[in-house]
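Shared between the two complexes below is chain A, which pairs with chain B and chain C, respectively.
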Partner chain A sequence: MTQIKVNVNNQPLNVIAPISLSELIALKQIDVDGTAIAKNAAIVSKREWPTTYLNDNDTVDIFTLVAGG
Partner chain B sequence: MHSHPFTQTTAYSAGQTVSHIAGQVFEHSLNTQDIRRYSRQLMLDSVEDEGQAKLACSHAVIIGLGGLGSLVARYLAGAGVGTITLVDGDIVDISNLQRQVTYNEMHLGELKAKSLFNELRKVDPKLNIIFKSIYADSKNLPTLISTADCVLDCTDNIETRKHINAVTHRASIPLFIAAASGLRWQALNLPQNNERIGCYACLVEYINVREDCLSKGVLGPVVGMAACHQATQALLFLAKRFNADIKWGHYLSGNASQGSLRSFILPPSSTCEVCHDPN
Partner chain C sequence: MLTLANHTFTSRLLTGTGKFSNATIMKNAVAAAQSNIVTLAMKRVASSSGQDQTLKALRELGVTLLPNTSGAKNAQEAVFAAELSYEALGSPWIKLEIHPDQRYLLPDPIETLKAAEILAKKGFHVLPYCGADPVLCKRLEDVGCAAVMPLGAPIGSNQGLQTKPFLQIIVEQASIPVIVDAGIGKPSEAMAAMEMGVDAVLVNTAIATAQNPVAMAEAFASAVETGRKAFEAGLGATFSQAQASSPLTAFLEPAV
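Moving on, here comes the complex of A and B:
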């Protein structure tokens, strides 16, 4: 097990690798409904969250999609 | 006036400008009143006489005439987009006036498309404004957008947004999307003909987007921020087409409270039902 430092929504976070985006969401207790994730400024399909793993110094942006107009 | 490798422009007398882009010909004469009317944007490198001629020859279809669409339509009409189709089956309600700034109490109970048509005619009676007091759906969309140079998705629900994305992708018509809820706004420009860029269906694939203005509320100027961005992107595109200096396939997410704006690349999904070609 290795500790890595990632940046989640502009906040530094130390986590134990390996950790996937799905596991990060569970760790942060974020409601997945309507949630999108970008890793290193590229949006990751929700289908790929369980198999997308974080590396040291990765940047993660978690945000809610909106549809109102 | 700048000249682009893919653009040939010929200046004629009396302000007439003829431009050729990818085989299309844009011909429009700027008279003295036009030059006064559009003087502030004619000074911009991203518009100039040539871009103004293209705006005059352009057709934009605006779907949804609420907080986004009513403002977008006003800006496009003011900038001289020659043909604008307004699509919405809704009527003006008093709860709209907080953010849908083109309407006022005189419009209550009227069809939004007709009300907006009347207001835009007051801005410039020479423009060709078409209004359709219907809700866009998968059946009527192909016809509604068939002659569009671009489509602006100003709707407020995910299902209609998916239909608009699918139909514009099939027709390879550029799509400008914006949305707002609470204090957040988001936007996306889709060329709809570039396999390296995802589409709206790629973005929302497997995601249950449930927020809208009814359930979460929205502050009027926040929708306005989204609309202003969307109108700006569409105008820059219409003035220079694919030579415009705008970003395609970048999802913008703005937080009006914090004054922050983030931009994310939207890659195509290998399982997208709209833009993925299994062959």
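Moving on, here comes the complex of A and C:
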């Protein structure tokens, strides 16, 4: 168990490793439906979230669907 | 029936979900519009605010979701946005919009065509927001778009069918559905578009910013239905001079 620093949507975040993308989404209380994640600018498909782990200094962008025309 | 990418839809009114005062009014308006296809946008999750309720409300309605690429300033960003929305929803529908200019939000034709070609090859059902340019619309059709979405006027302007003569040419030439997107401010304008033979219209601002969005959604639904019915019935020809609709017998004159 080591603490790592990641960047989530341009905000620094300290988390305890190992942590997967699924665990990160649960930690941030974000619905899985309608959410997409890019890790270090590459899109990670939902089926890979449970096995994709964060490393120190990773950049994570979390996107969701909102109202729009 | 409206057919897009081999899917059929009963409604010819697509609704956008922006600018409503809350998700409940939006949901009630979409239900009143009887829309089968509804647009959404994609953005980074804000850490401070609560989660947007739009998607949850639309899931309850069971409509087809049409995420857009709004915010993309070039083809590369639009393709990335489309791929994100595919991961988010698992659906190939995408409303392609690339408008780098913030003042008029006019679509960039070159970047739109580039992105449309890439996305169609990847298997997306691409519905591009574009200028009312008949040549561009044919090019978008050639690269495999499921429909074209030419503008009537700038987004959110409520100016109506400023591009009407060009929309008429697009309708005449297109082999894929034509959906008038942007600028429609009144039900009468939606009806006029449908009478011209466009396949569908997309309305957002005119419904969302009405004093009573639910009642306005109903008004748009009936206008679109009436306009389509008139088109299918075949409008009579127009003439520059009078054409008598009663017999011109001189009955006031004494019989011979």
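Here is the rule we go by: the second predicted complex is superposed on the first by the 64 of 69 C-alpha atoms of A that agree within 3 Å, B and C clash if a C-alpha of one lies under 4 Å from a C-alpha of the other, contacts with A are read in each partner's own complex, and residues count from 1 in each chain.
Everything below uses one rule, namely that a contact is a pair of C-beta atoms (placed from the backbone, for glycine too) under 8 Å apart; a residue touches a chain by one contact, two chains touch by 3 or more.
What you see is a predicted model, and the numbers here were worked out from it, not measured in a lab.
In the superposition on chain A, contact of A:M1 is made with neither chain B nor chain C.
In the superposed model, A:I30 makes contact with chain C only, not with chain B.
Touch counts on chain A: comparing chain C and chain B, the chain ahead is C.
Shared-chain residue A:I62: touches chain C; no touch with chain B.
Of the two partner chains, chain B is the only one that A:A42 touches; chain C does not reach it. Once the two complexes are overlaid on the shared chain, A:Q11 sits against chain C while remaining clear of chain B.
Residue overlap on chain A between the chain B contacts of one complex and the chain C contacts of the other covers 33-36, 38, 43, 45-46, 61, 63-69. By the touch criterion stated above, chain A contacts chain B in their complex at residues 33-36, 38, 41-43, 45-47, 61, 63-69.
Residues 8-11, 28, 30-31, 33-38, 43-46, 61-69 of chain A are the ones touching chain C in the complex.
Of all residues in chain C, only 16-20, 23, 26, 39-47, 51-52, 54-56, 59, 65, 67-68, 70, 80, 83-85, 87-89, 155-156, 202, 204-205 touch chain A in the complex they form.
Interface residues of chain B, counted against chain A in their complex, comprise 64, 66-69, 154-158, 161, 178-182, 184-186, 198, 202-214, 216, 218, 223, 226, 251, 253, 262-267, 269, 271.
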